[in-house]
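For reference, the structure I am asking about is given below.
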Amino acid sequence: MSGNTFGKSFTVTTFGESHGPALGCIVDGCPPGLPLSEADIQPDLDRRKPGTSKFVTQRKEEDKVRILSGVFEGLTTGTPIALLIENSDQRSYDYDKIKQVFRPNHADYAYIQKYGIRDHRGGGRSSARETAARVAAGAIAKKWLKVRYGVEIRGCLEQMGPIKVARSDWSVVNGNPFFAADPAKLPALEAHIEMLRSAKDSCGALLYVEAAGVPPGWGEPVFDRLDADIARALMGINAVKAVEIGDGFGVVDQRGSEHRDELSPQGFLSNHSGGISGGISTGQTVYARLAIKPTSSIQIPGKTIDQDGQATEMITTGRHDPCVGLRATPIAEAMLALVLIDHALRQRAQNGDVVPATPRIPGEPR
Amino acid sequence: MSGNTFGKSFTVTTFGESHGPALGCIVDGCPPGLPLSEADIQPDLDRRKPGTSKFVTQRKEEDKVRILSGVFEGLTTGTPIALLIENSDQRSYDYDKIKQVFRPNHADYAYIQKYGIRDHRGGGRSSARETAARVAAGAIAKKWLKVRYGVEIRGCLEQMGPIKVARSDWSVVNGNPFFAADPAKLPALEAHIEMLRSAKDSCGALLYVEAAGVPPGWGEPVFDRLDADIARALMGINAVKAVEIGDGFGVVDQRGSEHRDELSPQGFLSNHSGGISGGISTGQTVYARLAIKPTSSIQIPGKTIDQDGQATEMITTGRHDPCVGLRATPIAEAMLALVLIDHALRQRAQNGDVVPATPRIPGEPR
Amino acid sequence: MSGNTFGKSFTVTTFGESHGPALGCIVDGCPPGLPLSEADIQPDLDRRKPGTSKFVTQRKEEDKVRILSGVFEGLTTGTPIALLIENSDQRSYDYDKIKQVFRPNHADYAYIQKYGIRDHRGGGRSSARETAARVAAGAIAKKWLKVRYGVEIRGCLEQMGPIKVARSDWSVVNGNPFFAADPAKLPALEAHIEMLRSAKDSCGALLYVEAAGVPPGWGEPVFDRLDADIARALMGINAVKAVEIGDGFGVVDQRGSEHRDELSPQGFLSNHSGGISGGISTGQTVYARLAIKPTSSIQIPGKTIDQDGQATEMITTGRHDPCVGLRATPIAEAMLALVLIDHALRQRAQNGDVVPATPRIPGEPR
Amino acid sequence: MSGNTFGKSFTVTTFGESHGPALGCIVDGCPPGLPLSEADIQPDLDRRKPGTSKFVTQRKEEDKVRILSGVFEGLTTGTPIALLIENSDQRSYDYDKIKQVFRPNHADYAYIQKYGIRDHRGGGRSSARETAARVAAGAIAKKWLKVRYGVEIRGCLEQMGPIKVARSDWSVVNGNPFFAADPAKLPALEAHIEMLRSAKDSCGALLYVEAAGVPPGWGEPVFDRLDADIARALMGINAVKAVEIGDGFGVVDQRGSEHRDELSPQGFLSNHSGGISGGISTGQTVYARLAIKPTSSIQIPGKTIDQDGQATEMITTGRHDPCVGLRATPIAEAMLALVLIDHALRQRAQNGDVVPATPRIPGEPR
C-alpha cells in the first residue's frame, strides 16, 4: 500500500529508482508567498551528491533539480511543487552480475519477498539515491521554517567507526567531506577511510542534528508527537538503526533528579529532553542523534543465495561509500525539517497562527 | 490538528484524561471473524495496571475494559470496536497544588504553550494512564497476528538504572513486577527500588521487545518502512527517549563484514538487522529496544515557575512509580503489535493475501 | 480497511451498532478554548431522535449524550472529545426473523458479502442510528464555526414524495416534524404520511442545506475541493442517492451567460455556484441539496433470498419511518459542519489565521 | 493544506499548471506484476486531449506521457509510478490581459482569496488541463481492475444543453467527439455547438459512467462508502455541480415498493441502487451521472472586478471548449477507476484476497 508520502499537512511524495531515467518528488501544502527558485534547493543537493571527494562513491551525478510547478514569478503559489532530478550516470551494467543474487545486507531479498519482482540495478528503489528527492524537498521546508519562524537546522558527524568527533567548530562542517565539526580529527577520519578501502570493508557512523529556534507548541499528542515523528523520519533514512532524542539511551542510568530540566523565569536551566516534552516542543533547541550501519556493499566475499535458493558467494563491486553515514547529514537535516514544517502547519491548524507568549492565557476559542 | 489516531489500515483512536470519567479507544479496520471478548484484552491491561506490587504506584484502578461495539456473538464483524475503561480512583485533590505550577520535566509547560489551557489533574491527557487504551487495542492486534500468522510478541526489562538483566528465562517475565527475565537479578532490582524510594528519587530503564514469526514482506518503503514505524510507535510511548532496532547504536563501531547478515539456503546466518531490511521484514524475528527516562514525579524539590512566570520550587507528591519503565513492557508490546497488524493489512492490500514462498516468482499482477 | 473516520484536521471517528450497548464517537482536533457542555450537543440530537412525532419511527431512545473527555472546566482543551450515547430501547427480538434473510434494499446482503458476518439486529452498523454520533460531533463543529467565524448552518425539507415545499419561512422549520419551511404545506405532508402508512409503503425526500457566513478561501484543490468533500459527506448519509451544489443538475441546460456569477465591487451579483468556485469557498452562502431514497423497511412483501441462497418473500415489520428523509435534516447540517470545520482548519494550516481582505495582496510567506 | 492526493491505498498525487513546463502525477500503491507501458496510458490521454475536433478547444497539445519510475522490464514493481506530460503549446500571452482581472465564474477570485497569489496563465492550477494527470493515472487503475477482476469501465454523454442522447449504441462512443452513444443525435449535437459558437456562448452537459464486473464487497462504511467516494471523485472534476448514483434524484418521488431491488437466487431483479447498498458494492453494475456546468470562458461581456476591486467588464478570448463536458467522459471514467481500485485494495486489506462466494460463510478470521 502507498508508503511514499511523508507528512500530513506538508506532504512530500517521492519517486524514482537508482538507475531509472529520473527521480524526484511532489511537495504539497507549501504555504504560498515564499520566494523560491532552484538556487534555494541546489546547495543541499550538492552537499549530498556523490563524487564530491575521494572519500565517497565516485558515481558522477549532477543532481540538478528542476522546479516543474507551484512557483510563479519567483514565489510559491500554494499549489504542488514538483521537483525533478534526472539520472545521468546510470552504469547499470555494473549490476548485471547481481541480477540473480541477493547481496547480503541489502534490501534485495526483502524486496523480492514483498513484491515478487525487483529492479535490481543499483538497488532500484531501495538505493540511498532516492534520498536526493527528500533533500530537495527538505530545502524548501528549511527555507520556510527560517523565513517564517527563524528556525535554524544543522547537523554534523559525531562518530565514524571508533573515532569520536567533538562539536567544537560548526564553521568547518560544510568545508570537509565528513561533515565533521572538529578540524583536528580530519586526518584520523581520512586515515580510517583509507584503511577501510584497503581492507575492502566499511564502517558505521553517528550523526547529530538540531533545530534551534523552534517555537513551543509543535507536536500532536498522543501518537503524532514531535519526538515520535522525528524518530520515524530519522529511522526511515536508509541504513539507520537507532535514534535518540535529548539524552537518549543515557537516560537509562540517570536519576530523575539528574535528568529533569528545571525551569526559571528566564527559561529552562538545562536541555536533557532534547527540546521536547510530552511530545511537544518546549522552545528549547530540538536535537537528536542517529546511528548508521556500515555500508553493505563491500568487497569481502559473503555467503548468500540466488533467486533459485542456491547457496553462493559474492562481493559487491561498483562504486560505493566506505561509510554511507558520511553523506547522510544533509538527509537527516532534511528529514528533521520535513517533520518540523508539518507540525508547524498542524499547530496553526488547531491553535491558530500566533506564536505563543510564555505562558499563554486560556479563555478564547482559537 | 488531530493526532490521536495510530495506523493507516488498522487504526486506533484513543481518548481520555487521567482524572476524567473514562478513557478508551476505537479500533477500526480489524478483520472480521476473529473470536474476541473482554477476556482476550483484560490480561494485558492487568499486566499494565497500577497497584499490582509495592514497586509501582499505589493508585488503585480496576482497568476493567468493556467492548461497546464491533463484536457480535463472539466474533469481530469488521466494524469499529469501541473499548471503554472507566476511571475509578480519581483522587484529583492530590493535584490542586499543582494547578498553577509547572512540574519540572512534566508536559505541563508544553501543554499550556500549545493549547493555552490544560487539565492539570494527574497530567490530564499527558498521563501514562492514556496508554491503557493502547494496551487494550494492542491485545486485539496481538490476537489476530497470532491466530492469522502465528506471530508471537513479547518483551522484558533489560536494564533498570545501573542494573543489567539478562534474557535468560522468559518463563519468569510475567511472574515478577519488573518483567525481568533473569530471576537472579530480582533481589537487586527490589533493593534498587527501595533505595530510590528512600532517596525520593527515580531511575530510567531499558526494555527489549520482539515479534517472532513475522512473515517476510511487511513494511512500506520508503517512508512507511517497518523500522521507521516501529521507531515512531515506541518513541511515542510516554518517557521514551531512544529506540534501536537490531544492533542499534552498536552499528556505529561495527565493520560491514561484521554487521551483515549472510544468507544460506536454510535462512539467515545471523540477525544483526533486527529482522528488517530496506524497511521490510525478512522473516527473521523483529526486535527492538527502548530507553525510558526516570520518572519525573519525584520528591526532591526542583526549581520551576508558575503560570504567572514567577520562580518557585516544588516537589511532586502523590502516588508515583519510582521507575515508570517497570510498567511499560505491555505498552511496548502493544505498540509493536499495532505496527505489525497495520503493515500486515497494508501488505495484503498491495500484494495480496498469500504468505510468500522463498523466493517468490514474479509475473502475474497481484 | 478503516473507514469510520471523517475529516483530516478535525476528525470524527464513530462506532456503534443499532442494537449494541452504545454508540458514539471521538472528535479529534477541536481547537482549545471553546466553551462546551452536553447542553450544546443535546438539542441537535433531540431534533434527530426517533419517537418525537407520529410521523416517524416510534422507537424510544433518549439519545442522551455524555462527554467523556477533552473538556475541562467548561472549555475544550484541544485533546480528543469522546461522546457516548447509550442505547436503551433495543428490542432486538423484532429482528430474529430476519437473521437468515436479506431484506430487499437493505445493506444486509452487501454486508455479508463484504465481511462474511453481520450483526443483523436492526441493521447493525448500517442502521441510520449510527448518525446520532455524527449529529453529536456536528454540533461541536457548528458551535466552533459560529463562535469563531460567524458561520450559520441550517437545513430544511424541499420535497417529500411528490409534494414540494417552499423555503418561505425558516422560523417554523424546527417547530414541525418535517423540517418544512412552509407552514401551508404541513397538512399535505401529514396526509401523505398517513396515506403511506395505510399503503404500507414509503417515499423519498429532497433536502436543502446551507452555510451562511463562510469566509472565502476554504477548500483544498484539486482533490480535497470543498464541493467534492461536501458531496462525499452528504452522499455518505444513509439512503442518499444524489447531491447537487448551487444550480446542480440545472446546469445541464443552462448557457454560460446564464450560469455565471458576475462580480461587482459590492460582491457577487448571483449565486449559481453554491458559494464555491474552483473547489474553494467564495464568501457567498454555500448551499447544496440531497435526495434521499424511500425507506427500505416497508410492509409490502418483497422477493429476496436467505443466507443459503434460497428464494423467499418477506415484509419488514418493526418500527420504521415512512420517510427516512424526515429525520435527515440535522444529519445533513452536521455533515456540512464537519466538512467546513475541517477546511477551516486546513486553510489556516497552509495560509495562516487571517480572514482575508478582498482582494488579498501577495508577497509574504504565510 | 495538502489536497492534491487522491486515494488511501492506491494514491495519485498530481502537480502542474496549465502553462507551466509540465504536469503529471505519482501513482503510489499500484500492485506489482502488472504489464505496463506508455501504450496503456496514451489512448485515454488521446481521448481527452484538446484539438481533436472542431467542436473542442484548438489548443494543440501532444499530451505525450512518459513513465519515469515504477516499471521494470515491462512490469510494475510495486514502487511509485511517476508520469510526466510536458506542456508544449503554452500561449500564455493570451492571458496577459486577465492578469489583473477576475474572469466571471472562473476560479481566479477564489484562488486569490485563498492563497493571496495566483498563476493567472490559463487558470494555472485550476485549469482542466490538470485532469490529464488524472486520466493517465486512471488508465493504470483501469488496466489493473480489468486484468485482476474483469472490471470494465466506460462512459458517455447523456445530454448536452437541451439535447438528450440515448445509450443506444456503445460501439460508436469513441468514434465521435461527443462521446455520444446515439449516432442519430450527432447532427443535432454538431448544430448546437455551431450555434453556441455563433452566439459566443456555451452550454452544460450530463454524463453517464459505469463499471461492470465490480465484485461485491467494495466500499468502507460508514464514511468511506463506495457511493460517497464516487460522489467526491466526480464532484471533484472541474465544472461538475451534481452527482447521482443509481436512480439519483429520481428517488425523491419514488415509493419504497418501486425503488427497492428485489433479490432472487439468480441475482438482483433490478438495479435502482446503482450497484451500491449500504455504501458497499453488490456485484451489480455500478453507475453514476454527473452534471457539468457550461464553460465559463465565453465571449459575451460580463461584469467583474479587478485586483484593486474596481468594476470592469471582460470577455474571455483564447481557445475554449463551447461545452467542457465534451471532453470530460475520459476524466469521469478515470476518477471512477481510481475510486474502485482504491476500494479493491482496501477490501483485501481487511477482508483478504478472495473474491467472495454468494453468500459467504462466516467463521474464520480473515
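Labels A, B, C and D are assigned to the chains in the order they are written; within every chain, residues are numbered from 1.
Everything below uses one rule, namely that contacts are C-beta pairs under 8 Å (C-beta built on N, C-alpha and C of every residue); 3 or more make two chains touch, one makes a residue touch a chain.
No experiment lies behind these values; they were computed from the predicted model shown.
The chain with its Cα centroid farthest from the Cα centroid of chain D is B. Comparing chain pairs B-D and C-D, the larger number of C-beta contacts belongs to C-D.
With centres taken as mean Cα positions, chain D sits 37 Å from chain A. Centre-to-centre, using mean CA coordinates, chain C is 25 Å away from chain D.
Each chain gets a centre from the mean of its Cα atoms; for chain B and chain D, those two points are 44 Å apart. Chain contacts: chain A has residues 1-5, 8-9, 14, 29, 32-33, 75, 78-79, 114-117, 125, 221, 345-346, 349-351, 362-363, 366 touching two or more partner chains. Residues 8-9, 29-35, 75-76, 78-79, 144, 147-148, 221, 345-346, 348-354, 362-366 of chain C are the ones touching chain A in the complex. Across the interface of their complex, chain A is touched by residues 1-5, 7-11, 13-17, 20-26, 28-29, 32-33, 66, 68-70, 72, 75, 77-82, 84, 114-119, 124-125, 345, 349 of chain D. Put simply, chain C touches chain D in their complex at residues 1-6, 8-9, 14, 102, 104-107, 109-117, 125-126, 130, 159, 161-162, 196, 199, 201-206, 216-225, 227-236, 238, 240-265, 269, 273-274, 276-283, 291-298, 300, 302-305, 307-311, 346-347, 349-351, 356, 358-363, 366.
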